[in-house]
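Quick heads-up: structures coming right below.
Two complexes, one shared chain (chain A), two partners (chain B, chain C).
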Partner chain A sequence: MAERYAGLRWRLIDGLIAAGRILRPGRLGRLQPYVLLLPAILLVGVLAVGLVYLGWLSIHAYDTFLMQQGGLSAEQYLLLFEPPSGPFYQKTLARTLILSLAVTAGAVVLGLPLSYVILRTPRRALRVTLLVLLLVPFLMGEIVRTFAWYLILANRGMAGWVAGLFGIEDGGLLGTPLGVFIGMMQVSTPLATLLIMPAMRRIDPNLERAAATLGASPARIWAHVVIPLSWPGIVAAMVVVLLLNIAEYDMPAILGLGRLPFVANVIGDIYRLQQNLYLGSAFSLLLLVVSTLVVVVPGLLFLGWLRLRRRRRSGA
Partner chain B sequence: MNGPVIRLSVALVILLVAVPLAIVLLASVSGGERLAFPPESLSLNPYRALVGNGEIRAALGRSLTVGLQVVVLSLIAGVPAAIALVRFRFRFRVPLGLFMILGVATPLIASAFAFLALFTWTGSLGSLWPISVGITVVNLPFLMFSVASSLLSLDPRLEEAAATLGAEKVQTFLFVTLPGIMPGILSGTLMVFVLGISEFVISLLLYTINIQTLPIAMFASLRGPPPPEVAAAAGLYVLAAVMVVVTLTSLKSTEQFFYRND
Partner chain C sequence: MSARPAPAPDADGQPAIVRLAGVVKSYGSHNAIDHVDLEIRPRELFTLLGPSGSGKSTVLRAIAGLIGIDGGTLTIEGRDVRDVPTHRRNIGMVFQSLALFPHMSVFDNIAFPLRMRREPQDGIGRRVAQALDIVRLPKIAERRVHELSGGQQQRVALARALVYNPRLLLLDEPLGALDKRLREEMQLEIVRLHREIDVTIINVTHDQVEAMILSDRVGVMNDGKLMQVGSGESLYRRPASRFVADFLGRANVIDGVMSGGPDGPAVVTPGGARIAVTPERTIGEGRAATAILRAEDIGMALSPSGPGGLAGEVALRLFEGETVYYEVAAPGVDRPLRLASRTGEIPVGAKVWLTWPRERVWAVEAGHG
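Here is the complex of A and B:
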């Protein structure tokens, strides 16, 4: 039986080799990498075309009553800034940005010591346990993370029970910005840690030892050695974590009890409740532009500044 | 340098990450009509309820289908793309490499809306394939990075040696390259699979009422007091994530990726 399978396997391989001889991929020459990339380009191209189509939809008027497309106009973008609903949209955008920035800051602050411990601990068991714990939230899915925090923060949940042990009676954190913040931290902190680690790994431990020998306190070593040398990782972490959180949907919807909508919730409602693809397109593109301005531009400027400073120092 | 501040923050992160895992697993084996903490008793009732609830079971089946479709699409697109970007030098290499992460660089809700608008226009909503295509585009970089990092650690001289010894291109690929990058392909596949079965935002915009995936069904049930079968479904997701992560770390590629003794 096994022999028959082995025979089949060799026949298959012979077939592949024969196919290779007929097709002769080498004949493609310089086109070869493009042919290999073709399926991926087509797939990602769907998104690229979709984004262009969003731009097209967003610059058209739309009759919400007749559900008909009108002529070219800036109507959708104006709706985002004019009463009656403009102030609500602006408030939502501000809330999304402020909470995302807070989560990003918190994640980086916690991620720095954590990646340091993972990199410097001599105990392999601790390192592997921490790595496993960091990867699980990322892979368990947004809805399951939200469900877990709902169970913790809800009225009859764990947090209330623990608080009750200490004699504290409160209404719970559901519906408050702090509840949403904590929920978003669960995936943001591991993500920040994993992105800081590659940069921090390149720091020579001897630098810290040298600083300590010269009498620097741990706080000074962090401020003058570890953090400055981790900047590329910190910037990467800030960019990715902010991008992730700016599009958050579940945590504000469930943990915020619908009282603290994020941009994603409003975009979802514009489609699910009003079936308005045009306004939704404008809002989606606005979020894309804002996130690019808030994330990518400062990130690039900062990396440029770092390089400039390094060049000046090495020149001086 | 294990100061109290560092210890405190590590403890805090462990709490932040581990408590939700524990609470989901505990809820998934709790007795009683409603979920509460501490649970009234321990039982496998939530899992029995999951098996008994036809709608949730169908949603689970759809999520698994989406996960498999995402794996197939990601492999077809991601593996050759990673090989092209790592092993070839060509004119548009950098811009095309950047193009591949478009799905990660765009806020997820904007990507989801782009798919929604496009697929509404082409009239392709109503089946699972559009959802799988969308999920694949935003998660493709994870498989590509994973394959690319094992390609980078594979010594190109091995392939040259095979060619010198008279192996044809196909043979070199099948017997040298492919086994060398298998750990990367495997960990990338596992990652896009679990990300695919648990994806939410894209499914939320692209689902129609008769093709709800499991995360959508779970979200809908969280509007009120969550029923036990949702806890069981969440428990399954946590178990799947833990199993995948343990496999990834035992594959060594993950640890090597973040921690090298060099």
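Here is the complex of A and C:
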């Protein structure tokens, strides 16, 4: 019995070796890199096709009563920008951007010290424990997490109870921007922390010691050594957290009690309730363009500023 | 900078710039610094020497305030610095890893301590240029740190630690990672700097040659304890303990019992060999003692020449260049005697006669480390 399995195992390994020979570097010549890229190209290709389809839908008129596609038209985009429906969509977009930016800023501000504390914890067991605790929010289902916050933030939950201690009636945070902010912070903060950590880990602790001997107070060590050397991580955290938050759905839907929809919620409603693929496509593309701009434009400005500063320094 | 209180004079009436009294630093049950008393004099180049893990770097870090101490007192320029954080101690320090800021140019690295002290902008450029001049590195201010060679980085680290004229410069094995030639060059550089500028230097190293070349005084550390302090030469010639004798240079440490007799004092091994030692320092007869016989003090001949000495047989001969290294097995001595010969004509297996001038052979009482 065992021998038969052993034989099978050897045959399996022989097969893998044979397969490896086919993929051996050089076998496919100059085509090899492209062949290895194929799966990635396929994946991106599917997404690109979908995107083109969305674009195609968004530039057509649509009769919502007859549920019929019309000719080429800018009608969907006019709906997004012009009264009477335009202000609602724009307000939704503004709310999405402002709350996402606030959460991103908050997550990075909290993530920096968190990441530092975890990395500089001398005892390994404690450090690993802290890391695992950091991962706990990701281990919970998003819906479970959101409803947990629902209970905490409700009028008759913890938030309402605490507000009641100060004599405030109906002090729950459900349906308020602060409530949505808190809910989104819970995932964003550990995410930002995890993204900052690799950059911060590369900082030699002796740099901080050296800065101290050179006369830098702890606050100035942070300002002049820790934060500048963590920049790659901070930028990564800002981009990833911002993009994930702009696409947030559950938190505004549940904690916002439907009063504070994000773009994703409205797009969902357009698709499911209005069954209007055309307007939904237009709003989706608008969100894509806006979120790209929000990330790319400040990024370019920052790079330009860095280059300018370096040139000015070397010119001096 | 802030006015300094007058430093308190030490026992000899000479003011100490750094004073450690009964300093203890413990990690769990282990004392990394074990009741160290030490006074560093102004303008001195002092070296803490010891094997790795002996606590020498820990002492340096305690002086810098990078670690706290658990007992005793530590004063810098007469001031108890227990509650003074590192950034207010006004010391310069060069780390083994150099710890240059990788995100800054050479100029910004050296300007960093000046900016932390809020020096006026126009003075910074001038003082950075001066500091680069002192370490003989002009015209590299705009380079990035990673564009420099190892030796240049060393000099930049020195310039950064000196640009604000600290009274005290701490060197935490900054030469440890350099190759031999560069290390020797930097050692001379440190001696030159120490001569040219008004600064007290405390250096940490495990390299005994470096310690003896550089220092006015050397403190030898082992297992958290300061074993002996003195000039390199006095430590070498007159070690206070077996450990110091063994750590510095190539010595034969031979345990036995002190005995007198008509031929003068000698350490007699359990095997009956008599090692004649100097009469200069007397250890009571009959007490356990260790004779310290330096390799270079032993003469070797094929026939006995005068009284004293030891018969033996050559066990090992290694050509080392300037000298030839021999190990000679002598009856009554546990370990083969190590010695250096200039000529090295005697082959392995030869019966030889070992002699030494007795005034060069020091003895320490056993049980002192």
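FYI, the second predicted complex is superposed on the first by the 263 of 316 C-alpha atoms of A that agree within 3 Å, B and C clash if a C-alpha of one lies under 4 Å from a C-alpha of the other, contacts with A are read in each partner's own complex, and residues count from 1 in each chain.
Please note the rule applied: a contact is a pair of C-beta atoms (placed from the backbone, for glycine too) under 8 Å apart; a residue touches a chain by one contact, two chains touch by 3 or more.
Here the structure is a predicted model, which means the values were calculated and not measured.
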- line: Of the two partners chain B and chain C, more of chain A gets touched by chain B
Message: If we overlay the two complexes on their shared chain A, which of chain B and chain C does A:Leu229 touch? Say first, second, both or neither.
response: second
Field: Touching partner for A:Ala148 - first (chain B), second (chain C), both, neither
entry: first
Field: First (chain B), second (chain C), both or neither touched by A:Met158
entry: first
Message: A:Pro198 in the overlay: touching chain B, chain C, both, or neither? Say first, second, both or neither.
response: first
Task: Tell me which partner A:Leu214 touches in the superposition: chain B (first), chain C (second), both or neither.
output: second
- prompt: Does chain B (first) or chain C (second) touch A:Asp269, or do both, or does neither?
  reply: neither
- prompt: Which positions of chain A sit in both the chain B and the chain C interface?
  reply: 212, 218
Query: What residues of chain C sit close enough to touch chain A in their complex?
result: 64-66, 85-93, 95, 97, 99, 101-103, 105, 112-113, 116-117, 142, 160-161, 164, 170
- line: Given the complex, residues on chain A that touch chain C span 204, 206-207, 209-218, 220, 224-225, 228-229, 313-314
Field: Residues of chain A touching chain B in the complex
entry: 13, 16-17, 19-21, 25-26, 30, 32-34, 36-37, 39-44, 46-51, 53-54, 57, 109-110, 113-114, 116-120, 127-128, 130-137, 139-152, 156-158, 160-161, 182, 185-186, 189-190, 193-194, 197-198, 201, 208, 212, 218, 221, 243-244, 246-247, 249-250, 253-254, 263-264, 267-268, 271, 277, 280-281, 284-285, 287-288, 291, 296
- prompt: chain A touches which residues of chain B in the complex?
  reply: 1-3, 5-6, 9-10, 12-14, 16-21, 23-24, 27, 34-38, 73, 76-78, 80-81, 83-85, 88, 90, 93, 96, 99-100, 102-111, 113-118, 120-121, 133-134, 136-138, 140, 144, 168-171, 174, 191, 194-195, 197-201, 204-205, 215, 218-219, 222, 226, 230-231, 234, 237-238, 240-242, 244-246, 248-249, 254-255, 258-260
